[in-house]
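Just so it is clear, A, B, C and D label the chains in written order, and each chain counts residues from 1 on its own.
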């Protein structure tokens, strides 16, 4: 129990910040907390959270791990679902979710193989897939349009009494917890912490990393599904901006960009933080001319808080 | 506990029976080059169950490369490895592990963010499949540590452990799975005498149980004490394998480096001439309290004196040295270098105190940079005008330093990581000397340095002392302390319990003081 | 002597020789495929575009060698472009406007270095945030209505047909080549240059060697912002219009140019000489794809695939087994 | 190819067009390439009582076009507030081109009590969930120069397709029906890019002598357009007679041609940017540009909203108008000496309107006339 808590200590600053922002958001706008609004608010936050989760896996895997293709892949999935599957009548939950996940896994496999087998630096390997997916998206969907099937659009609202986006996040959390029971999460942190030590200890570094990229791909695909549900249509430009927000979200969540430190809880909180900041600045009617400045400052402040608490933690470690 | 069971087929087999069946592991004609460097030229070696087999050689002679080959990390260019008589090719360390070969590599490879338990069970699981639950993992880790006679809090992250404890964790990791051959690459270099003796006890038990151990060390006393057979590598070739009876130290040294230099290395047996201590105090530590309730420490260091710092791991000597270097602050007390009060690294620099950290690779060398850069980086201003380096001038200085320290490298432009450990250490010492220090604070500078190079470095330290540079030498090697130091301060429980001077200096006395005996009468 | 020089031409990120071969091979290959490409006009176009990228990528190289990354380059480019045009348009002397922009950029860059090294936060996130703040500040000041003018000589400097004295190349190209030579020399021969490599190679050892880490970080990021500002001012002359987003294309392309040149992101290796070739290769590659008549999606798909393929042929990282 | 959703609605489109007066239908030509024209979704809407809360849901604020539009909106709201018709504060959001953020901002604005939301969405489909919610809650949603596909919105726009036809026709005629043409496109994947391009291509297809030698993607950004154009010219040695410019990149194209040592080509303008007019004037070109400034665009959208607040009902959900043309003959009415090639403004129509206010009369039924005379 103590160990479990200590392992999540890195996420405390970001969780506190998120709680604070939730409170401020709620104070500024009562309707923010009304149950009616949970679904749309969560739906707005979901792409931020899920893409940050996607980015977290390769970052944790270390070795300069990063997946720049997260955003474009989510966009590509959105385009393929709406512009390829729906017109062919493949618009049921099974084919759509199945296709999205398969696409994500395939992409992750490719990225992982390029990084681990061809040993190309992750940032350049995934910059390659970034460009390829952006091109493919335009190929599939020259301009925005189409419409998502009713079931998917409905999923961005409520499923039964529970908001659809919340259900999605719960499923993802359960999946991550389940991975914690296996050896994978420890292997991931080991490989990210020091790949040479992990390799020498007998861990299959390449396999662990490839799986990290597969997780990233599949989560990016889930983000693509989420876009499709929220937008109700497809748009070739929707995914790309999420690459940078996903990296920022993961970093805000206390993950070390050098790998091996942090976890999905932090990444999710980091993604939520980005959403809440934008939401807050909108609510507070910050002049649009200052919006970007405010976003940047909050980003800096958040990483600074993280860094300071981390430095303190490391100091106390060193002293012991 | 069952996990710690040996994989040996015939435990307790006697030596004659062992000769009849193929050796447990055999290397034949191994070759490997890295670019222009030939790391292994022609190495053959046989390892039988029930033996402790020592592997010695100068820095860069290929010991670690051979070990990495046997462990599935480096692939041979040619030659073959046989396991139980049949040829094997280990694709990765996991494959070697499955064949029962477990290894502690020269570098302490640990994961600082993970707990001791996780570090020990690392590599036993599949990529996803986990073999045991948390409780069973803890039991396994505890048992492995118990083999070495240590108990460490299993939930502690490795980042909080000292080097020696980290080293023990890596050994425990090797012991945790089923194994037949244990390879230890300079694993004793970070251990103190007590920890080392417990490790040796364990090794003797394993030998008795019929398992094999391949043991690398630069400490000839250790070789003499535990090795059944010793294989000597020279310039990537296995030049001989000797049984314990034939393997006396002069002979081994001769095999390692050629007879000429061996004689030189043996020359080190003559201790330093005593230094006059009246030449003026250059460093004064006064009332230093290293941790609450520890006794205060008072030590003076005179110009030209070599003062040794000794103690079991974690008894404060390292922290004391850090305080001297301005890297840590004592709870109480003052450190004065010349006239400067040392409170920070900057003060230490101003006081002319140069510090050599213990971990050469992590804190010392700039890996792909050249020898010239590594030597001069801290004093580039001396060779530059208007921020531009004057190459000829710098080259001259580098050449001089390399010659003086007898650095063996392809040239000043050779990348530092192509040098052997001992030569890297010489370069680092050279870097310190360029800062023209009054005090050298050295944290275990001979760690992992071969006897020949050590001899060079000893000479160098003596020569420095002769030029009135004062040396603080923290070392885990007792013979070294006895050989070099004018005085040795022995630490126990974060206080100095004895200061032995030249006349009183001997290994048994050092050990006694370190263990807290004879403290009273020797206190200065 | 010769052997030593040759050995410098090999190296982890793929040899210089491979890069030179690739850059010239691409040029000749394109010329073989596309008649008319061999003309002086085409060569000058390619060089001009490479020079703009190259000047922007100076800082990216230095910060990557240091073990960091600078994602604020596009923002500084936009800032410089807008500010210099706006001030000059308001009647400031160009030199004064340029100096002000440069000073502001240097200060901004130094802040990046200070924050990143002081807090030990990954510079990726620091520069992402500071870039956003800088772009926001431009918006806040101009209220989105940036406009202005640039002197004619500046436009001539970035004009394909421009001459530099007797040299039949536009000033931007000449300036780039001079700057490149200077940077390469400083990397190897200046004191801060060697510190840069040492800190990038091993920050911990640098601390023990008492190298001025913070100053070097500030310097590298200041230089980065300074050259980004220069690129921004040149772009003001190049495109005519004042547009804060003008730097956007330089976000990933500068990183790609550095990495394609074979400088690894892990720091301590590589250098600007490689980036020069990386810039040429990227520019030639995108020109080739346009020349082949591919549509936009096709260009992106091919460019992505080519980047990975190229780096996979000569810029592979060493096997993990060799790093243990 | 027609946008997917428009195809679904093609029949509804044809049906709805019947309600547009025949004389104005040409301005709706080819619009279904872009989006569908549908019946008025606010048929049964009761306008809110004054003072009305006006809101602006913008997707980007980084250029002078958007800034001009915002300033115009602020001025109009201030005028309305003075007359007691509007609350004085205009609620503004900017999503930095992130459509998810824009959607959540829209939903926020609905919750904050906005009565009229003018919006420039960064995607024609992405806001639909919010638009539906607005419609359900009696909030008037009007898109400004970026029509959305959602049935519940009012779109006010010039017809992108019609603009492509205007410019394409001029270029074909200026080239005498023959020659090689380069297409200079805006941001790929955006509907205006596709609609303009397709329209111009449909014109060129009618002229067998005109050969389209390639498409250059200039992203509506001069620096990119110039770079790409230089690369295009470096690899295309043949003579270029004309460049069809899909907005904002005419000067870049002209400079790229002359700096590559190529003979001047015919280049059209599209948006009436000051920069292009100055270039036109200085180089004594023959050209044609449309005028598509931010302020007039917002004015026309506001005018439509204002009419609807008076109970007037549009005949269809999409109100289209033609853009004024700047020609060699009338250039001097638009060009001002203060304009330079580096200028970042848009030449506004002399009277601040894209079309006369009365242009809209046939497109509305019922209701009351405006209470205050709107002045741009």
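Here, a contact is a pair of C-beta atoms (placed from the backbone, for glycine too) under 8 Å apart; a residue touches a chain by one contact, two chains touch by 3 or more.
Because the structure is predicted, anything quoted here is derived from the model rather than measured.
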**Report entry** Joint neighbours of chain C and chain A, given as chain labels
**Finding:** B, D
Report task. Could you put a whole-Å number on the gap between the CA centroids of chain B and chain C? Result -> 44
Query - Averaged-CA centre spacing for the pair chain D and chain C, given as whole angstrom - result: 36
Query raised in the report: Whole-Å distance, chain B centre to chain D centre, using C-alpha means?
Result: 74
Report task. Would you give the residues of chain C that are in contact with at least 2 other chains, written as numbers and ranges? Result -> 135, 139, 143-144, 296-297, 321, 324
Report task. Give me the residues of chain B that touch two or more other chains. Result -> 73, 92, 105, 107, 109
Report summary line: Among chain A residues, those touching two or more other chains are 137-138, 196, 199-200, 287-289, 291-292
Report summary line: In contact, pair by pair, are chains A-B, A-C, A-D, B-C, C-D
Query raised in the report: In their complex, what parts of chain A are in touch with chain D?
Result: 29, 31, 37, 40-41, 44, 47-48, 82-83, 87, 137-138, 141-147, 153, 156, 227, 230-238, 241, 275, 278-279, 282-283, 285, 287-289, 291-292
Query - chain C residues within the chain B interface of the complex - result: 4, 7, 12, 189-192, 194-195, 197-198, 201-202, 204-211, 268-269, 321-322, 324
Query raised in the report: Mind pulling up the chain B residues that touch chain A in the complex?
Result: 71, 73, 92-94, 97, 103, 105, 107, 109-115, 118, 122-131, 155, 157, 159-160, 173
Query - Contacting residues of chain D [partner chain A, same complex] - result: 1, 3-6, 8, 58, 61, 91-94, 96-101, 103-105, 107-108, 111-112, 122-126, 128-129, 149, 187-191, 193-194
Report summary line: Contacts from chain C onto chain A in the complex sit at residues 115, 119-122, 124-126, 128-137, 139-140, 143-144, 252, 255-256, 259-260, 264-266, 296-305, 307-308, 311-312, 315-321, 323-324
